[in-house]
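Heads up, there are several structures right after this.
What follows is subunit A paired twice: with subunit B in the first complex and subunit C in the second.
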Partner chain A sequence: MSEFSNSLSVISSALQAQSQRLRHLSENIANVDTPGYRRKTIAFHTVMHGSETPGMVETGRVRLDQSDLLQIYDPTHPMADEAGNYEGSNVNLMIELSDAREAQRSYEANLRMFEQTRQMGSSLFDLLRR
Partner chain B sequence: MDIQAIGAAKKYASARSATEPAPSQSAGDYLKGITRDFAATLQETEETAKAAMTSGADPHTLVQALAQTEMAVEAAVTVRDRVVEAYQEILRMPV
Partner chain C sequence: MFDKIEVFQMAHAMARHAGSRHAVISQNLANADTPGYKAQDIADFQTHLSRNMAQQGGDFQIRATRAAHLNIGQGPGTPAVFDREDAVADPNGNTVSLETEMVHGVNAKRQHDRAMAIYQSSMTILRNSIGRR
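Showing the complex of A and B:
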């Protein structure tokens, strides 16, 4: 197919990847108070399959952040150890929110590219009209 | 003089094969291919739309397929308009 529809496929894959990123971020934010929860991160990489359009992006495997879990002092908690601490999650709301904002910005940029591609396609055909 | 004329004719004959139009598929085959592509695009979009309505497929794929179909239909309509216009132009020719 034409380059226009190729770029539409690439943009659509990027939109999909960003929405997947947002989904994992919302999982992290939802589980901020879950004891022992490790925040999830995903990596983006270019699709390397022969049949696909070159340059498409996809999300890789989900990884768990291995940084230390937050120690919360609460002796009445059922999971508290001898010292009265229990392990919370290692989600930092500030990081998650700024990551979500970044995902939103990337999504918007890709939407603009989609619009741009469509406009270029239709103005090309406008040349033939009178 | 005669020899020169024969040489020129020979040169012309040998050069002719290089200037011949390359054998290509006829316009009919070409149009057939384009129409088949067009129909395939439409069908793909229909399948995607059906999947999005019934089984909740990814909306990004649906939007992409619809945009691609829109472009294909626009191209087809533009070409049709030009062909019809040319035909009418011929019909308006004073005989």
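Showing the complex of A and C:
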């Protein structure tokens, strides 16, 4: 029985991590046209020991993607330099959308697992009934 | 009569095994996007049981401190967790495949359901035999 509650907490940590990832992805997508915006990324890692249940997913610090910003040619833009370019964001919509799809897929799989664990636990309780 | 009802022990061990396997699999799924995570697994019930029987001298039985004790032991202990070897790694070193884990998860769930069904029906037989409905 304790194994079920352990796996429920592991699964909920994963759900939390995936939804945090999705939040940063939507921030990136929302800021795709913001000049000078760098896309945010977060890293996942596994909790190995400590007070938490081992195997739980933890999100690391938010990091900014240091790749080059997009140079956009528009001499009339207030932020344009001498050559007429200004810096856009380094968000690539294609990457963000496929990443979001992957996060959604993992989220759903975890949700399915949560439901399964819950069912197994309740079938165990059914033995006590009657 | 009640000191050795093997079907209950077997159902107990099977449900326990299904529970531990399901826990390992849900840990895999939770870490499906963690870089460098290696998918883990435990031996299936049949392998685990036959290994245990060989160790205990061919009999699936738990030692009791007194002969009068009901023999409802732990069954075989929790099997060891190992890294799955046949898994293919993603570019980030993660070897979890969502599809494989879902299939294993459903299998563990079915094994658990089966154990519960066996337990329940044996319980019914036992109840009937002592004259209750």
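In this text, the second predicted complex is superposed on the first by the 123 of 130 C-alpha atoms of A that agree within 3 Å, B and C clash if a C-alpha of one lies under 4 Å from a C-alpha of the other, contacts with A are read in each partner's own complex, and residues count from 1 in each chain.
Everything below uses one rule, namely that a contact is a pair of C-beta atoms (placed from the backbone, for glycine too) under 8 Å apart; a residue touches a chain by one contact, two chains touch by 3 or more.
Owing to the predicted nature of the structure, the values given are computational and were not obtained by experimental measurement.
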Should subunit B and subunit C be called a clash or a fit once both complexes are overlaid on subunit A? fit
Based on the superposed arrangement, let me know which partner A:Arg129 touches: subunit B (first), subunit C (second), both, or neither? first
Look at A:Arg105 in the shared chain and tell me whether it touches subunit B only, subunit C only, both, or neither; answer first, second, both or neither. second
What is the contact status of A:Pro35 with respect to subunit B (first) and subunit C (second): first, second, both, or neither? neither
Applying the touch criterion given at the start, work out whether A:Gln16 contacts subunit B, subunit C, both or neither, answering first, second, both or neither. first
Would you sort A:Phe4 into first (subunit B), second (subunit C), both or neither based on which partner it touches? both
Look at the residues of subunit A and decide whether subunit B or subunit C touches more of them. C
Who does A:Gln116 touch here: subunit B (first), subunit C (second), both, or neither? second
Using the superposed model, give me the angle at subunit A's CA centre between the CA centres of subunit B and subunit C, as a multiple of 10 °. 30
With chain A overlaid, the minimum CA to CA distance between subunit B and subunit C in angstrom is 5
Overlap of the subunit B and subunit C interfaces on subunit A comprises residues 1, 4, 11
Of all residues in subunit A, which touch subunit B in the complex? 1, 4-5, 8-9, 11-12, 15-16, 19, 114, 118, 121-122, 125, 128-129
Residues of subunit A touching subunit C in the complex: 1, 3-4, 6-7, 10-11, 13-14, 17-18, 21, 43-46, 55-57, 102-103, 105-106, 109-110, 112-113, 116-117, 119-120, 123-124, 126-127
So, in the complex, the side of subunit C touching subunit A is made of residues 15, 18-20, 22-23, 25-27, 29-35, 37, 98, 101-102, 105-106, 109, 112-113, 116, 119-120, 123
Partner subunit A, residues of subunit B touching it in the complex: 37, 41, 58, 60-61, 63-64, 67-68, 70-71, 74-75, 78-79, 81-82
